[in-house]
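In this document, chain identifiers A, B and C correspond to the written order of the chains, with residue numbering beginning at 1 in each.
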Amino acid sequence: MTQDERAPQGAVARIDSQLRELPREIEPGRDLWPGIAARIDERAAPAPASEPRRSAWFWQAAAAVALVAASSLLTATLLDRDRPAGQAVVTAAPSNPVATSQDAVGMPAAFGPAGTLDPEYLAARKQLTQMLDQRIATLPPSARAKLEFNLGEMRRAADEINAALAAQPGDPLLEELLLKTYQDELAVLSNVSQLTGSLENAAASPAEKRMQL
Amino acid sequence: MAQAGEVVDELQRAREAAEERRLVASAADGSSASFEQLYRRHAPRVYALCLRMTGNVATAEDCTQDAFVQAWRNLARFETRSAFGTWVHRIAVNAVLQQGRRRQETLGSEDSVEREVADVLADPATVDPGRSRDLEAAIAGLPRGARHVLVLVGVYGHSHEEASQLLGIAVGTCKAQLHRARALLGARLGELETGHDAG
Amino acid sequence: MKTVIAAAPCCQPVARAIALLAATLPLAAFAGTPINKLTAADPTGTVEISNTAGTVTVTGWDRNEVEVTGELGKGTERLDFTTADKITRIKVVLPNRSYNVEDTDLIVKVPATSLVSVNTVSADIGVQGVRGTQRLQSVSGEMRTESSGEDIECRTVSGDVNIAGSGRKGLVSITTVSGDATATRLAGEVNGSTVSGNLTLGVGETSRSRLRSTSGDLTLQGSLAADARLDIESISGDVRLDLVGKTGADFDVASFSGDIRNCFGPRPVRTDEYAPGKEWRHQEGDGSARVRIKTLSGDVSVCRK
């Protein structure tokens, strides 16, 4: 690495012209469409209500898929952040007026005063939390209590930020922190899922393990 | 007075734009076949952007897929007066920044990764394929911040304002990074030109 | 631990003999079952260990073998010890109804370059001398380990984490819900995420660091690499950044209602005259590193030694 950060003028011009000549399009080495198609079609399969117990690996993979779906939906809500201040980040669904309504698990469904979160994100998150409720129930009581307390902390944080957003709609710092809180909640649910998933594999007796397959 | 050739070009562009709006509307209605068409048109550019910004083939493939998946999920929010390609481009930059949390990106300066990327990017049709390979390898070897700015500004022609907004950094930082990237590239390419066989 | 022996009158002499035996043998014989297992292992293989309650102590050595000693708690169903395809698995298996099972202590020696993966519920985990990748998970057990430059991932709900670094660059990820984490002399990429735990991380030099908290405090002490990227977010936890050495960095610090205290650069300014919210943007040196800190109500302090 050079100490002197200033390149001579002629060299800069040469580099610039070489850069401009580089191809701006490259065909990927393999067809990436099938991977994309699989992910955009994943929600077509209905979530089974009750079914024979699947292997721990299946739940982990399913939770991971739901997590990716929910996570990317979350991030996508802030993609068009250059809207003028005061305008909602997320378009309010016409049938949903101003709301800080709570879904079944407790996190507010609002994103700021005039917007609600993408209903697809909420559905994916609900699926994830239902899958994880069983897992969380297997934790020792003290750990479960701590987990629930901490999830409550995150819910309170989201409420606090939403309240602040009511007074300062569109504030970028608040929006970013709110997004972070929703993302962190998903991350906590996912991490606990992985933790308990590994433990399931560990604690199973042989009879149980046969059932898992 | 417009030349006949220009008029034809403009008509062609207008037809293509209308066709693209039709595809976007159809995809927003749920047609994955239409979305696949959009993918086929824009993937090479998205992939090239991801590859240059990440310096890693596997990560670039993931970013490309992530970008299109996110685009699909947000089609309802896309306003058709702007170009789909520009919109996907922006999503792709975000996908790269998200992927940047993973370890692969921090290996961007390893020699083996640079060679892999350079081989993919080198265009055998250029006059001096060896030189193009060296430049691609040099870009892949830049530190991440400098590389991101260089790709957006130097290769894709964004202004500093646009690039800094896409990357979420201050304009001053963007300019400093570009400066640094050019200096590092100059030094690296200069070393190569002073005679060793890069093979 | 008392051993009570009752016997029918016909067996009293036997019972008396057993009682005498109980008095003379070491207590351990009536507690758990000693463990003594050994197998050959690939030096770049994987060792997976799981235990529920008790302790797991892992030490790296230079033999191409995995050895397990220690004591299996009374009431444990068995210890599984298997090896296949370069993976050695050590699993404490509990019966289905495990309310009356005692702790198991596992003492495991592994080839120093193994990939080590440990899972426990409340068992404490201690690792030393391992130079391969480490994945340590526990619900409430405490974790102590050393970093040698390979990846370390620690995941826990309420256990505390303690990592002694070596200054060699690697990837360290710490995830807790309420557990605290302390680390010294880390280098390279350091990621920490907690809800209400306190993270106190000392870095030799970090190239990339992402710290997240809801209400726990985040403290990062150390120096930044030339192109470092630091991204710290907290809701109500306080954030403290103590920098060492020459720092060329672009600072972007904002807090909605917390205080920002900086030891260099200009004073923080209000973001908006009609709203709370302060920010501090400052370029120090060549500004090549990037530091972003955002909080809702947590206080922020950025200082330099």
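Going forward, a contact is a pair of C-beta atoms (placed from the backbone, for glycine too) under 8 Å apart; a residue touches a chain by one contact, two chains touch by 3 or more.
What you see is a predicted model, and the numbers here were worked out from it, not measured in a lab.
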item: Interface with more contacting C-beta pairs, comparing B-C to A-B; value: A-B
item: Chain occupying the middle, per Cα centroid; value: A
item: Chain whose average C-alpha position is farthest from chain C's own; value: B
item: Euclidean distance of C-alpha centroids - chain A vs chain B, Å; value: 25
item: Length of the line joining the C-alpha centres of chain B and chain C, rounded to whole Å; value: 39
item: Sites on chain A at which at least two other chains make contact; value: 5
item: Shared-contact residues (touching 2 or more other chains) in chain B; value: 180
item: Junction residues of chain C - those touching two or more other chains; value: 286
item: List of chain C residues in touch with chain B within their complex; value: 151, 171, 188-189, 191, 207-208, 210, 226-227, 229, 250, 252, 281, 283, 286-288, 290
item: Chain A residues within the chain B interface of the complex; value: 1-2, 4-8, 11-12, 15-16, 18-30, 32-33, 35-37, 39-41, 72-73, 75-76, 79-80, 82, 91, 120
item: Chain C residues within the chain A interface of the complex; value: 50-52, 77, 91-96, 98, 119, 121-122, 137-140, 155-158, 175, 177-178, 193, 195-196, 212, 214-215, 233, 235-236, 254-256, 271-272, 275, 277, 286, 294-297
item: Of all residues in chain B, those that touch chain C in their complex; value: 101, 103, 106, 143-146, 169-170, 172-173, 176-177, 180
item: Residue numbers on chain B that touch chain A, as the complex places them; value: 32, 35-36, 39-40, 43-45, 47-49, 51, 57, 60-61, 64-66, 68-70, 72-74, 77, 90-91, 94, 98, 120-121, 123, 126, 131-132, 135-136, 150, 154-157, 165, 179-180, 182-187, 189-190
